[in-house]
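Structures follow.
Both complexes below contain subunit A, partnered by subunit B and then by subunit C.
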Partner chain A sequence: MASNSETRGSSADYETMMSASDVELLKRAWRNEKAAPEILQYEGALVERAKEQIELVEESVEDYVENGKDPLLVSLYQMDLDRTQFLLRSYLRVRLLKIEKFMFHNLKSEEAERRLSEQERVFATKCADDLAKHFEETVLLKLPENYQSVLKQSQISEVDDMVPQPHLDTFVVCRSNNFVSLNLYEEGESPETVEMERGDLYFIRYKIVKGAIESGQIDLI
Partner chain B sequence: MAGQTDPHISLFSPQEVEFMAEDELVEIVPNMNMEQLNFISGDFGRFIPQIPTKVPLWLAVALKRRGKCSFRPPGWMSVDNLTQILEAERESQSTFQALPFSYVEIARLLFDHAHDDIPDKYMVRSLVEDIRDVRLHKLETNLGSFQGTSAVKISNVSAMEVNIVRPFVRRALEAFYKHDKPEADVDRDTRSSRQQREANNEPRRPLRQR
Partner chain C sequence: MYGRKGYQLLKDFASGEKGQLKPFNSKLFDETIEECDQNHHLMQSLMRKMQQEDLDVQNSRNADHYGALIHHLSLMRNKRCLMAYVYNRAEIVRDLAWRVGLELLDLPSEIQEKLTSLEKEYFKNHSVTLKSYMGKVGIELNVDMVPPKDPYIKVRILDDIDEGIVLSDKTTNFARHSMHFLKRTDAEPYIARGQMEELTD
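== the complex of A and B ==
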């Protein structure tokens, strides 16, 4: 999960980190997931805690309704419940959408596969198998032998060029939580850096901020 | 889901941007007694008549709609402050004044549900709309001066404004980045074609006046 290891020596940052409620963490995870072009690390512990809290509140709302508690209170609790449920569901749905979009890539790349939860991995494998079978039965087996692979355009392709990959060079809007200095270009090219103060907004290439997002220093907007 | 499949609309729908803004804390003055609320998103209350308390915007709107409280408009929404900000926005061509990140959403919700709690509400509303117009116009004109970089700083732009320009800026910056990587010839070509497009704007103006 996000860990705030590199601060400018301020305990205030640490405190705000510790006191961030689960809902805020879930909101942050949801926002990052929506804005990022590839799938991000699954926040397993956060999702579990959110699910537990939601179930607890669902039960107590039922109790309130049965015991005839003030309907105003009940509706307010229900609203809070709805909001949290929306965050959780939307988070999971965005991830599923990304899995479906880059199905074969996610199973091929080890890095991407590590970021899926157990259930997502099961879903992705089943989905990929079904899709591959469908392609084979309807089209591929009827093509000449060299072109029958789901992953390659033809036998002579060296890489799997039929697999769409997430577009990591896309631009995203981000806000920095701390002072951060990032290398603008790949290694080997001219080393230009961009420095972000806390609270700055930037339009920036996703690849540059990818590591900082994982460590929690930068948020996507 | 907004924007995940279609690159031409924005990633977040306006409702989703408003959803994110609704967690901002605002001050209300309840007119009834209510116990503390232990929500998943936090603990709020107790609610005692005439004692101001801070709650998230969504909760405040819900209570207001049921006639259980009145709003205390946030400090930045005074006529004086907004007039100052509007003048500063009009003066500077390239920088944006510091406004709360969700000022558009907060102002909108307050006007819709709590307009009787805002002093000089018509003045405030027209000021906010003017500020929005000036800032959007500034964003649009600044977009024409982007150069091929990998990072563009946009300070003090608010959530709604970011969401509106995001699709265009993404595609523009991506195109710049793609063309900046190879040699200078290709750059010269894209730059000259850009100039031609700008020149074409001139003849269009007389038509609009009719």
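== the complex of A and C ==
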């Protein structure tokens, strides 16, 4: 049932619907993003394709309504369109909420910064500026001099200790797509490994499966 | 006793319902800031005393040093309490922006009373940031907060919205208590503001 958006207007009706594999990919990205405690890599190409296809389907639905096509079919297409739109919106929303939650951390850590899209980076910088300004006006300017920094507790602190960080130790439910063997503990400690067969469900700390999720071998549920 | 006011401020915040704001407790807030100032002055006077006695401020360990240390730690703790108070309220303000709407005037007046003018400023700035992101991406992110089950839903109007509401397929006169069959995306902002309610049966 996978089709290309270029085949619009041709042959079978169902082919004008969204390419099924794209929807699957979007669903997978959405599920992973919802379950992970930190922000994951932005699927730019996928989002772009999804936007285009949604527009195309919207146009064809409008055409059907004007041509008086069977209203049941039209509302089915409409429902499917709504569902896909919801997926896309929710994916972007979940990412924004994670950015809002950990704004200073995302701007400080290079790894996190790489995972944001261009517009998200602009959003994150502006958000952090807004919040820093709010802090300064409400609290910090009234405090004595050495204690006015937003990120450090006082001038004496060596590290930025007032930045909340995502908890990478939270437990998540995951299923693996291939045979995977992972180190349970940090290197140097006892090298216990857990081996996952294809299709196994595991309830495990996020830190351990982080790398495997990025490479696509494991999915979060 | 140092630190007690900061503690009370946070307890006041925590005693409200989760996700709901209480009016900004400026009295306790200002008192905590005064305590910080006090701590700072006392700390500086102790350090000056140590310098006058020709002791190395960084390294010598006598009673004055420990006194200054206590003031420093108390100041940091108060700073953390104050920032936590402001930060958590700002989090709730952001949450309001998502749930209710991006215009300040859309917030019901009971909520507007509880925000200080600075928090309203923050709300406005944050809405502007969100709107500019949504504009760049080209998709509205405020609608569709709940996964859609049906494209059309039944709603009953609670407030007098009158005319002037333009929906995507028709214009209707919304009298109070009337029921309509609307598209979900059109009705959502009104439901979030409490002007309509969804009928599920």
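The rule we apply is simple: the second predicted complex is superposed on the first by the 201 of 221 C-alpha atoms of A that agree within 3 Å, B and C clash if a C-alpha of one lies under 4 Å from a C-alpha of the other, contacts with A are read in each partner's own complex, and residues count from 1 in each chain.
One rule holds in what follows: a contact is a pair of C-beta atoms (placed from the backbone, for glycine too) under 8 Å apart; a residue touches a chain by one contact, two chains touch by 3 or more.
A quick note: this is a predicted structure, and the numbers were derived from the prediction, not measured.
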{"item": "Touched partner set for A:80, first subunit B, second subunit C, both or neither", "value": "first"}
{"item": "Partner chain(s) touched by A:119 [first = subunit B, second = subunit C, both, neither]", "value": "second"}
{"item": "Subunit B versus subunit C as contact partner of A:137, first or second or both or neither", "value": "second"}
{"item": "Touching partner for A:53 - first (subunit B), second (subunit C), both, neither", "value": "first"}
{"item": "Touching partner for A:204 - first (subunit B), second (subunit C), both, neither", "value": "first"}
{"item": "Subunit B versus subunit C as contact partner of A:163, first or second or both or neither", "value": "neither"}
{"item": "Subunit B versus subunit C as contact partner of A:93, first or second or both or neither", "value": "both"}
{"item": "Overlap of subunit C and subunit B interfaces on subunit A (superposed complexes)", "value": "75, 79, 83, 86, 90, 93, 97"}
{"item": "Contacting residues of subunit C [partner subunit A, same complex]", "value": "33, 36-37, 40, 72, 75-76, 79-80, 82-83, 86-87, 90, 94, 98, 116, 118-119, 121-122, 125-126, 129-130, 132-133, 136-141, 143-144, 147-148, 150-151, 184-185"}
{"item": "Touch list for subunit B against partner subunit A, complex", "value": "1, 4-5, 11-12, 19-20, 22-23, 34-35, 37, 39-42, 58-59, 62-63, 66, 68, 150-157, 159, 162, 166, 169-170, 173-174, 177"}
{"item": "Contact set on subunit A toward subunit B in their complex", "value": "21-24, 27, 31, 34-35, 50, 53-54, 57, 72-73, 75-77, 79-81, 83-84, 86, 90, 93-94, 97-98, 169-173, 184-185, 194, 200-205, 208, 221"}
{"item": "Contact footprint of subunit C on subunit A as seen in their complex", "value": "51, 75, 78-79, 82-83, 85-86, 88-90, 92-93, 96-97, 100, 119-120, 122-123, 126-127, 130-131, 133-135, 137-139, 142-144, 147, 153-154, 156, 162"}
